[in-house]
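In what comes next, chain A is part of two complexes: it sits with chain B in the first one and with chain C in the second one.
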Partner chain A sequence: MSTDTEGLALDDTVVTGMGVVAPTGLGRDEHWTNTLRGASAIGPVTRFEAGRYPSRLAGEVPGFDPAAHLTSRLLPQTDHMTRMALVASDWALTDAEADPAQLPEYGMGVVTAVSAGGFEFGHRELQNLWGKGPEHVSAYQSFAWFYAVNTGQISIRHGLRGPGAALVTEQAGGLDALGQARRQLRRGQPMVLAGAVDGSPCPWGWAAQLSTGRMSEEPDPVRAYLPFDAEAGGYVPGEGGALFVLETEEAARARGARRRYGRMAGYAATFDPPQGSGRPANLERAARAALDDARLGPEEIDVVFADAAGTSEEDAIEAEALRGLFGPHGVPVTAPKTMTGRLSAGGSALDVATALLALREGIVPPTINVSRPRPEHTLDLVTAPRRIPLATALVLARGQGGFNSALVLTGPC
Partner chain B sequence: MKSPNNRRVVITGIGIVAPGAIGVKPFWDLLVAGRTATRTISTFDPAPFRSRIAAECDFDPSAEGLTPREIRRMDRAAQFAVVAAREGIEDSGIDRETLDGSRVGVVIGSAVGCTTSLENEYAVVSDSGSRWLVDHTYGVPHLFDYFVPSSIAAEVAHDRIAAEGPVSLVSTGCTSGLDAVGRAADLIAEGAADVMVAGATEAPISPITVACFDAIKATSPDNDRPAEASRPFDRTRRGFVLGEGAAVFVLEEHDAARRRGAEVYAEISGFATRCNAFHMTGLRTDGREMAEAIRVALADARTEPSAIDYVNAHGSGTRQNDRHETAAFKRSLGEHARRTPVSSIKSMIGHSLGAVGSLEIAACALAIRHDVVPPTANLREPDPECDLDYVPLEARPWPVANVLTVGSGFGGFQSAMVLSEPDARGRSAA
Partner chain C sequence: MDQLTTDRLMEIMRICAGEVDPVVTTADPEDIDFADLGYDSLALLETAGRLEREFGVAIGEGELADARTPADLTALINRLLAKTA
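Presenting the complex of A and B:
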């Protein structure tokens, strides 16, 4: 564990803690071990009977027992997604050895991103309303499903009274939450808890995802989600994500924080023009702006964590953006989300956690199952763990509708 | 706003879809007249519900210029947002041809997104709630856009303004409308964008939303007198009246707006938000966190409490809110809280959840422009616990240079924004 803070400026944004709840593992270490092993967590849906639907695979978080972590008072008022988020928030604070009670009264903020809110909870209450009548709707429905629920519940659980925010930009949300957190630090907050834990699989949400036509209908978990592959046929959804403790280096030093996972060196977001406009997509521009923000050139980036949409059209756009920035085969590119599926807003947050661990350990985790990467993509796709010197990482994310976000991390020393 | 670059942010265009008023001028006329737009719910049969009243918009999407395809694709909340954005862009006089799209962004606030369409579609795929394993083959092709409400921001971005900079949806319950504009102003202040189309929208008048507020008795059961049901700060108040609508602004960097000769409504001179970390729906009586948000917003604006000429209250009309808020004003503004007029336009347009914060920003910008404070309608029996000057019943001609507007939301969010007459920041008009 590095305690080296040399080279960090006082106003740098540093990551001092993380809480991971992912299909690949409960907690940081389990996630990292399984990710390095290339262990797929994609399997048949168990949270509901999916047999009647054309897509029947998901990346579910195995062995998550909410009652082991949360009081019986909290359980009836929380969706599955919120329960996972609350546990991740506990772990992030513990990991950072941060005690919010020791901070100034309004010293810690919360920023989360979600995509569809506590949808399973909402589905159940819609069934109660339409099937039984208004008097059967839960007294918790007014907040348990809505998009701000994770931010509100995390704030209450830990007594965090700084600025609160909740963002929705579909899969890009995990990065945008960290961008907003850095903004709060720059406005004078010493510390922010931020990230995304998402995914609330239920039949009603499944129907919504099926409407995109982008969900994979391949029944074999090994072949279902193959970004950048000649046989790419859509995505597999999943659940989980990661939350982080972000603080200024100044605040981290002042409280004697021992650990820096790394520095959030750059961030930017762009939006795509409408399809059919003839104008190019803006993923590359988001990445360039994030690099500029980090004052790094493309040649200084050691690894890219790709968005990895899993459809041939979107994969081609990302490959073109990477070629434009780095040249053909110009940088190692990986997509560990091939092990988890796409976790809505949680996916890009989990990528940030994985990228920080990769920087710490000097190993690029693999993209699994992709056996026939399209040669025209000209990507240096990392399909087995690769041990190389890693000082910087670029994380890319795209949200359906045109959202592009990019985040640059630098390693602990 | 506080930023490393000292870039100031101004409002140069406003667009409104409100109960009883589509468009900026009808909206201001309604507020100044003290007219209420609350009535019996007309869009579905409210008979099974405890609260059967709402402030509805008489909104004909086709008359507002939306095409049949747009109408079918977009939820009512997205329709409101797009129509309000079009008016705001037009009002700003900005020349879209000369804009660099990469420097233009969008932030839209909404608490419950596309909930009305989600509920309508749910009824279809579940066969009116009869099956848990819904039949997805009955879903509409754009169901996903209802599922993830960032689609609303995407619709606005792809519409008239052609934004290719930062685009997002902010969802912090009933402070969304303040927080979305606050975030957009931050993006300009820090240099991430030069022009932002920002505001908030909500179309929550659907059975599930009515039922969920029924379940906690947050909404008013005064079904037999809907026009007087929203009574903020009144001793007899019985809860809020659900509303709907949208307000969308064009925000620009101050110097650029001046250079192009834009007519500036107001500067967004300060903003802050805090969490109460107390309860998802409950409020502490002392107003502590809202007071802190106000204190920080005033500091951000470098404005003393005594320079505030008007306070636009959250004033939802629930028992706890109006007490909480009154305490927060006293705590943050001190003696000046008793000298400055305070009013709640929710008395007229109801409480449109995530949208209302932006509708209130619009009211503040118009109060600055017209030097008139809108009234609190229906306030006939003052609550002894709410003992400030709430401008009962009638609008008041009043010099307004600096305005404070606040919001309070489920989840514990407390937000405050200071708006100032162009180039009069920190100096009271009085």
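Presenting the complex of A and C:
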């Protein structure tokens, strides 16, 4: 951990706290240790009876006991993913040593991203509606399944009355939430809690994801999610994510914040043309724009955390974007999400957490299970932990429907 | 149908909205305002739905708003039960 704020400008956006709830671990340290070990968290679905679905694997968060963290008041009114988000928000604030009660009333905003809302909760209540009648639907359904529910519940829990927002851009959401948070900081907001905890391993969420045709149907957890591999056959979904305390360096100094995980140096988002238009995908443009925003050249990027879609077509698009930016084998590329599956909006937020920890420790965490990377991708894919000097990282994310986002991080000093 | 007791009401409220907040008072819990027990309007709405299903009564919105304590709400349900009997 660095307390060195040398080289940081007062208007820089810095990350001063994080809360991680991931398949790889509850809390930052457990997540990082398991990630470095290359410990896969992908296994059979346990949150519902998935035996008759074509896809039966997920990256579930193990050992999460909501009653151990939340009051009985919150349990009847929250979906599983909201409970995890609330716990992540507690941990992020504690980690940042930020006490919202000490801030001005509107001093801290909340931005979260989510893909389905509280689907498990909504599924149950819609079953009550059509199975038993409207009088059997919970009053909490009025908000528990909304996209904005995590932002609202976090705001209420911590008394965060600054600007609130909810973004829905699927897997890109974790990065877009941080982009939106930075906009708020630039408008004069001193602090924002931002990120994404997502996932809907429930029959309804499963059906929605199956409809994309991109979910892996491979039953072997070791072979089910193989981005950039010759045998790439789709993705495994998961749950969890990460939330961050973002503030301007000026605000961090003013409150005496000791920790800087790093600086959010650049961010950009693009949108793809419609399928069949013949025009190219815009992932590379997003990455280039994020580098420009960070005032960094491609040669100054030390590691890339890939979106790693896991289908041959999308993998090829990402590999081509990376080749276009960095040249063949031009930069170490990793996809630790091979251990967790794709966590919807939470996935890219978790990648940001992992990238910040990688910068701090000077170790690139591995991509696991990929044993036959396609040579034509010309990627320097990191398949074992690699200790190298790391000052900068590029995180890429693509969301279902054409969203591309890129975020550039620089290390703590 | 059996009458509603405040004990049963408090049990239903715990299921619908969690435990009561700790309250420092000598008053009988059934005479404490829902707001002071930590139950907001949504908690009451959820509880009302449950009571309607369990006791087969229809609670008017105005009637629900007028019930400020567990004793009020218990009396209301029992009045409605007596009407339907």
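Everything that follows uses one rule, which is that the second predicted complex is superposed on the first by the 413 of 413 C-alpha atoms of A that agree within 3 Å, B and C clash if a C-alpha of one lies under 4 Å from a C-alpha of the other, contacts with A are read in each partner's own complex, and residues count from 1 in each chain.
Operating definition for what follows: a residue touches a chain if its C-beta (ideal position, glycine included) is under 8 Å from a C-beta of that chain, and two chains touch if they have at least 3 such contacts.
What you see is a predicted model, and the numbers here were worked out from it, not measured in a lab.
Visitor: Between chain B and chain C, positioned on chain A by superposition, is the outcome a clash or a fit?
Guide: With chain A as the common anchor, chain B and chain C both fit in the superposed model.
Visitor: If we overlay the two complexes on their shared chain A, which of chain B and chain C does A:Thr71 touch? Say first, second, both or neither.
Guide: A:Thr71 sits against chain C, while chain B stays out of touch.
Visitor: Put simply, what angle do chain B and chain C open at chain A, by C-alpha centres, to the nearest 10°?
Guide: 60
Visitor: Could you look at A:Thr392 and tell me whether it touches chain B, chain C, both or neither (first, second, both, neither)?
Guide: neither
Visitor: For A:Ala139, select first, second, both or neither according to whether it touches chain B, chain C, the two together, or no partner.
Guide: both
Visitor: Looking at A:Asn34 after the superposition, I want to know if it touches chain B, chain C, both of them or none. Which is it: first, second, both, neither?
Guide: Touch partners of A:Asn34: none, neither chain B nor chain C.
Visitor: Which partner, chain B or chain C, touches the larger number of chain A residues?
Guide: B
Visitor: Touch test for A:Thr112: chain B only (first), chain C only (second), both, or neither?
Guide: neither
Visitor: Closest Cα approach between chain B and chain C after superposing, in Å?
Guide: Shortest inter-chain C-alpha distance (chain B to chain C): 5 Å.
Visitor: Please write out, lowest number first, the residues of chain A touched by both chain B and chain C across the two complexes.
Guide: 77, 137-140, 142
Visitor: Provide the residue numbers of chain A that touch chain C in the complex, in ascending order.
Guide: 71-77, 135-140, 142
Visitor: Where on chain A is chain B touching in the complex?
Guide: Touching chain B from chain A are residues 48-49, 52-53, 77, 105-106, 109-110, 114-116, 119, 122-123, 125-134, 137-143, 146-149, 151-153, 155-156, 158-170, 176, 180, 183, 186-187, 203-212, 268-274, 279, 282, 285, 399-403.
Visitor: Which of the residues in chain B end up touching chain A in this complex?
Guide: Of all residues in chain B, those touching chain A are 2, 4, 48-50, 101-102, 105-106, 111-113, 119, 122-123, 125-126, 128-130, 132-136, 139-151, 153-154, 157-158, 162-173, 176, 179, 183, 186, 190, 192, 207-208, 210-216, 218, 272-281, 289, 292, 409-413.
Visitor: Quick one: in the complex, what on chain C touches chain A?
Guide: Residues 14-19, 38, 42-43, 45-46, 49, 52-53.
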